[in-house]
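Below: a set of structures, written as structure tokens.
Shared between the two complexes below is chain A, which pairs with chain B and chain C, respectively.
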Partner chain A sequence: MNLHTLGAAVLATCIGLLSPGPALAAGDEVVIGDLDDMSGVYADVMGAGGIEAINLAIHDFGGTVLGKKITLLTADHQNKPDIGASKFREWADQNGLNMLLGGSNTGVNIAMAKVAAAKKVPLFHIGPGGASLTNQDCTAYSVHYVYDTTALANGTATAIVAAGGKSWFYLTADYAFGTQLQDAASKVVEAHGGKNVGAVRVPLGAADFSSFLLQAQGSGAQVLGLANAGTDFSNSLKAANEFGITKTMKPAALLAFLSDIHSLTLKTAQGLYLTTGWYWDLNAETRAFAKRYFARMNKEPTMDQAGAYSATLTYLKAVKAAGTTDSDKVMAELKKVKINDMFAKGGYIRADGAMIHDMYVMQVKSPQELKYPWDYYKLVKTMNGEEAFGPITGLCPLAPKK
Partner chain B sequence: MSETFGIPVAVILGQLTLGLVNGSFYALLSLGLAVIFGLMGVVNFAHGAFYTLGAFAALLGLQYFGVNYWAALVLAPLAVGLVGVIVERLFLRHLYQLDPLYGLLLTFGLALIVEGSLHQVFGASGQSYPVPDSLSGVLNLHFMFLPLYRAWVIVASVVACFGTWFIIERTSLGASLRAATENAPLLQAFGVNVPLLKAATYGGGVALAALAGVLASPVVLVNSHMGTSLVIVVFAVVVIGGMGSILGAIVTGLALGVIEGFTKVIYPEASNIVVFIIMALVLMIRPAGLFGKD
Partner chain C sequence: MRRVAIVYGLLALFALCVPWLGIYPVFMMKLLCFAMFACAYNLLLGFGRMLSFGHAAFFGSAAYVTSWLVTAHACGPATAILGGVAAAAALGFAIGGIAIRRHGIYFAMITLALGQLVYFVCLEAPFTGGENGLQGVPRGTLFGFLPLRSDVVMYYLVLAAFLGVFLFIRRVVHSPYGQVLKAIRENEPRAISLGYDINRYKLLAFVLSATLAGLAGALNSLVLGFATLSDVQQSTSGEVILMTLLGGTGTFFGPVVGAAIVVTLQEYLSDIVGGWVTAIIGVIFVACVLSFRRGIVGELAARLGTAAARPPVPAATQ
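Moving on to the complex of A and B:
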């Protein structure tokens, strides 16, 4: 029992009692919702920065579409699937919600996908990793926008096996995302002639990782696959460094965000391989967006924040092209267009909802290589979308039958 | 390699050592809670927040004033302890007459405010605090390589715990503190400043939490949530040891760290609930806790 939940619930009830009923009748505005972790472990990955990015996109689009004002609703799902689903349902029923984005948590996003299907509201998954969102948990209204576990594994695991890291031991976060990430990486390692020596499932938010790391070291594997994220990832890598495990094992970040590397500092994170859907310092366009974002948030955007900006624009463009906010028509339009902006070049939304775009395998720079603030990654390889996200699996009923 | 119950002896020794390191944090934190509950009857739910504040005090001291680790080890608990004294004078003292639930609610609210504010200012992802140079080596224990800093955590924590135990159980100051719990008006009649004593007790308990925070800052990333889940485990430790039992808190803290460490090898998925399972068992068999008086 988490007492914070109790406190938050009391607070939420108080706020609920104060706020007026549905603000505006549906129809005279286009309503976008952002439901995400605003106060927990993923809050720096999307959180307030994500809201800023979405607002930037609405501003850049001109603030209106089809002559209607674009409104943004935001809420904190506190990493709880029930809160995510019920808030989504509430917005759809009472606030005329036209599109939802965000999530950052595979468990919550799976719950929200069910609401998207029931309420027929397009849902752009921003931030959750689980590839199940475009497989067994896919819906006709889902788009998985930034990255997924398949793409992460294809990027990082392939690069490390190719560099000689043949035997793997995994430190896996014990929930849907961690196990999906481990499964995806294991398949890639085997497919490339490597072997999976073992894994330890670590409860989410463990206070200390050293016991698990000693087990990893005892396995004799060459590679330490970190199938976790956020604070868990940072604390496990920090402890691996402290115990000298990174001297005998090569750490592989199966998911790391720019904000994690910033926390860890280059001294701890240097040499780490990771895969990202976007990086602020890739080209002139990404830098231009990052500069505007930095002016507002005083940090560089993560791939999720950049993805939220791009997803908002992509949706609004589709509404404009379809001439309606009707979900089926907008989804049909979305699956027709090519996405070309600062986030993706030639990106497209596949039948199963996966947004197929280039992914980047990066290596974290050493402190000596840092030339200016936030200059953290060097590009190892650009993977095209088909290579990164792999073929359509057929687990999603929407996928064309082979 | 020799084995016991199918587990290599080196692994057992390694997990035992790491368990002691984690147990040291549990012991320090549960000790502060036990002092505050035992001597004041306050269920201090803000303990995790004070632990976090201790870590932030060390981090910000280093970043803005160049206060090194050793100075922070003294200054951060002092500063946070002072905050504790202010909290006691401003809020807590008005609640002594009431049900302990009011103190719990007050400190719980305080914890939300402190953690929420830190989150607002510093974000969620945390910052690194460097291990001091003099403690950055690695000890070869033959069965494992133990970072020198972790060994230091055990030493520092054991010294702080038994120092506190000594003050409370073996000095005249401690005798006054215990007397204040038994019969405050009588003690006051002897000319002892009881309100000051209570404020100092709360400040002292809170300073122990801050000390644990400083000790933890080079081990984990310093962030606004670092105390949130820890405080719940530590409450379980106190319940198992016996609410208010000083020695019980120390011994139980260390022992549970070790048990948790072995769980991480035998069945890792259960490592975050094993403490609560033990708590449930203890409550069934000895509701006052292992070291508590009925």
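Moving on to the complex of A and C:
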């Protein structure tokens, strides 16, 4: 027995004990995966609430489709593209994954889209904003379900420029989502006769916004465009308030979720314009869903959580209609149907994968206007899907420009 | 010797059979890539007693260059891997050339600083895709006839590379050059007094280690189909140190065992505890340094009193 023998023995034992078990035969179940940020800056936007919403959808559908049990796999991608892509690949290779949804981070979703194309597994982008997911990074198996940066800019930036905010400085999350949102907003601002003064890029999950905010203050712009999301958005807005910047510059929430407004409180967030794909208090149907969700999570759902519910149902309906889980046939079915549920009315999935549905420009209420808990938004304008998402750009090879 | 041969034979048989044992080949390939990386690191730490805190720079830069050659220039896998390895070697020459002039903690700090410099280059350079990294790297066809798209073929390529690296390191350590390197490790002034130009020996060890780390990074990026900031960041440098220390520095098989444990833990724990993996691995690191400083293989060997047992390598203290 010498050193190498030992080493070899130890290695063999480790591998024997710890290596993953044999692949699951998934022939008798339909497997849905949810890969999302469960612990980072976007955990409140989708996270555990998203899992609950998907479970609710599976429950509402009856738990089985085509006589097969529906199972849900979940994992935390920690906002790292490598973790997202490798987990997705593993599920597709090992667990017989039929559909993946989630994301919440454009960078991670771009990585996952490459896997979706290679493994031919439908991918519903729920939380990520980047419009590139239906343009340069589109695949035949992607659906962008809830909102995108084009719709956000068309909603919020248009409303603010119309209200007199002509010169803009951007505080941008330094990755695909932030830069795409800034680009989209800049184009809208210019198209409406406004001016883009400058921008500063901030790392994702930054703890200290002071130096970036001082640059914004020094720019002399009227509007502080916050091209970030989740806790990055709420932290930067809080810091801007503490610095007194919001007295001289008007903050623009290019992407804000209900959970952000809740944590900021109306006192800080009042008067903000924002664009959302769904709001819990829109009508009787949305309130009915929100009530059920609230009973489980003790908070109102964000548009992503409602979107995850709707996307799961839409997929399962398409599987049922197609009579198979074959990805190509299900995708063909998905692109044929109209989506009518509590999330969207008359929504449809365009050739490039964008789900076209109404978007709502909202303004955050002041504390005096609050009538009951979570009564945060008043509707400024409903944009129809074509207006919000704009025409097909032609950047996606699947959808040539008309 | 016969027993050793039998165990190695069994292990080789196991490695050859992996694709038919129901073990996920991508996981095994990742494990082998990190084992290669840890072996390369061990050459530097275990046999040259140089504690580098920036080794992810070589692993990651090779991953980036390989992915970039494949995606932007449509290079074949052989050219791309070669390009990645060459980049890592050149970087190893540059960083090593500066770092070997100092010892111990200063050496570690210089490699840390330069490693972070490489990280920020990868973050900001126009061809790296910033926070998104380079995605969707196709594996292509090796030498025009080996379709690497198949996980099985790719697995055997990675296994062959791993065996090559493992045997190469053994050869290097047992060569006259390796003996001089060990002499420098044990007593530098004595090696100088014997007339050896120790900086050249140390630089060569550094460049060899960087090159092999680059090979691991290049293969890893082809296996997974992407190069991201995780490959170059500080925590990856930390992980490879952990793998080497946990398995046993200065033993041939230690780094392989360490890599197997760390990669497997990450794979399993990330499903259960998400972002807490880093904290748990940190605790393991502390426990390892406090209670069994020779590492698993080193400790076992020492307990059984074999000849290869050596005193533990004091980390950055010389």
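Here are a few things to note about the model shown:
In this text, the second predicted complex is superposed on the first by the 377 of 402 C-alpha atoms of A that agree within 3 Å, B and C clash if a C-alpha of one lies under 4 Å from a C-alpha of the other, contacts with A are read in each partner's own complex, and residues count from 1 in each chain.
Criterion: contacts are C-beta pairs under 8 Å (C-beta built on N, C-alpha and C of every residue); 3 or more make two chains touch, one makes a residue touch a chain.
Keep in mind that this is a model prediction, so the values were computed, not measured.
Once the two complexes are laid over each other on the shared chain, residue contacts for A:284 go to neither chain B nor chain C. In the superposition on chain A, contact of A:93 is made with chain C only, not with chain B. With both structures placed on the common chain, the touch criterion links A:214 to chain B but leaves chain C unconnected. When the two complexes are overlaid on their common chain A, residue A:231 makes contact with chain B while staying clear of chain C.
Shared-chain residue A:174: touches chain B and chain C both. In the superposed pair of complexes, A:265 makes contact with chain B only, with no contact to chain C.
By the touch criterion defined above, A:295 lies against neither chain B nor chain C after alignment on the C-alpha atoms of chain A. Of the two partner chains, both chain B and chain C are touched by A:39.
Chain A residues 1-4, 7, 39-40, 174 lie at the interface with chain B in one structure and with chain C in the other.
Interface residues of chain B, counted against chain A in their complex, comprise 8, 11, 14-15, 18-19, 21-22, 25, 45, 108-109, 112, 116, 119, 123-128, 131, 138, 144-145, 147, 149-150, 219-221, 223, 225, 228-230, 232-233, 261, 264-265, 268-269, 271-273.
Contact residues on chain C toward chain A in their complex (touch as defined above): 3-4, 7-8, 10-11, 14, 21-24, 26-28, 30, 130-133, 135-136, 151, 224-226, 228, 230-231, 247-248, 251-254, 256-257, 260-261, 264-265, 267-268, 270-271, 274-275, 296-297, 300-301, 304, 306-309. Taken in their complex, chain A has these residues touching chain B: 1-4, 7, 39-45, 47, 174, 200-203, 205-208, 210-212, 214-215, 218, 230-231, 234-235, 238-239, 242-244, 259-260, 262-265, 268.
Looking at the complex, you find that chain A touches chain C at residues 1-12, 14-15, 18-23, 38-40, 75-76, 78, 80-83, 85-86, 89-90, 93-94, 106-107, 110-111, 114-115, 117-118, 174-176, 204.
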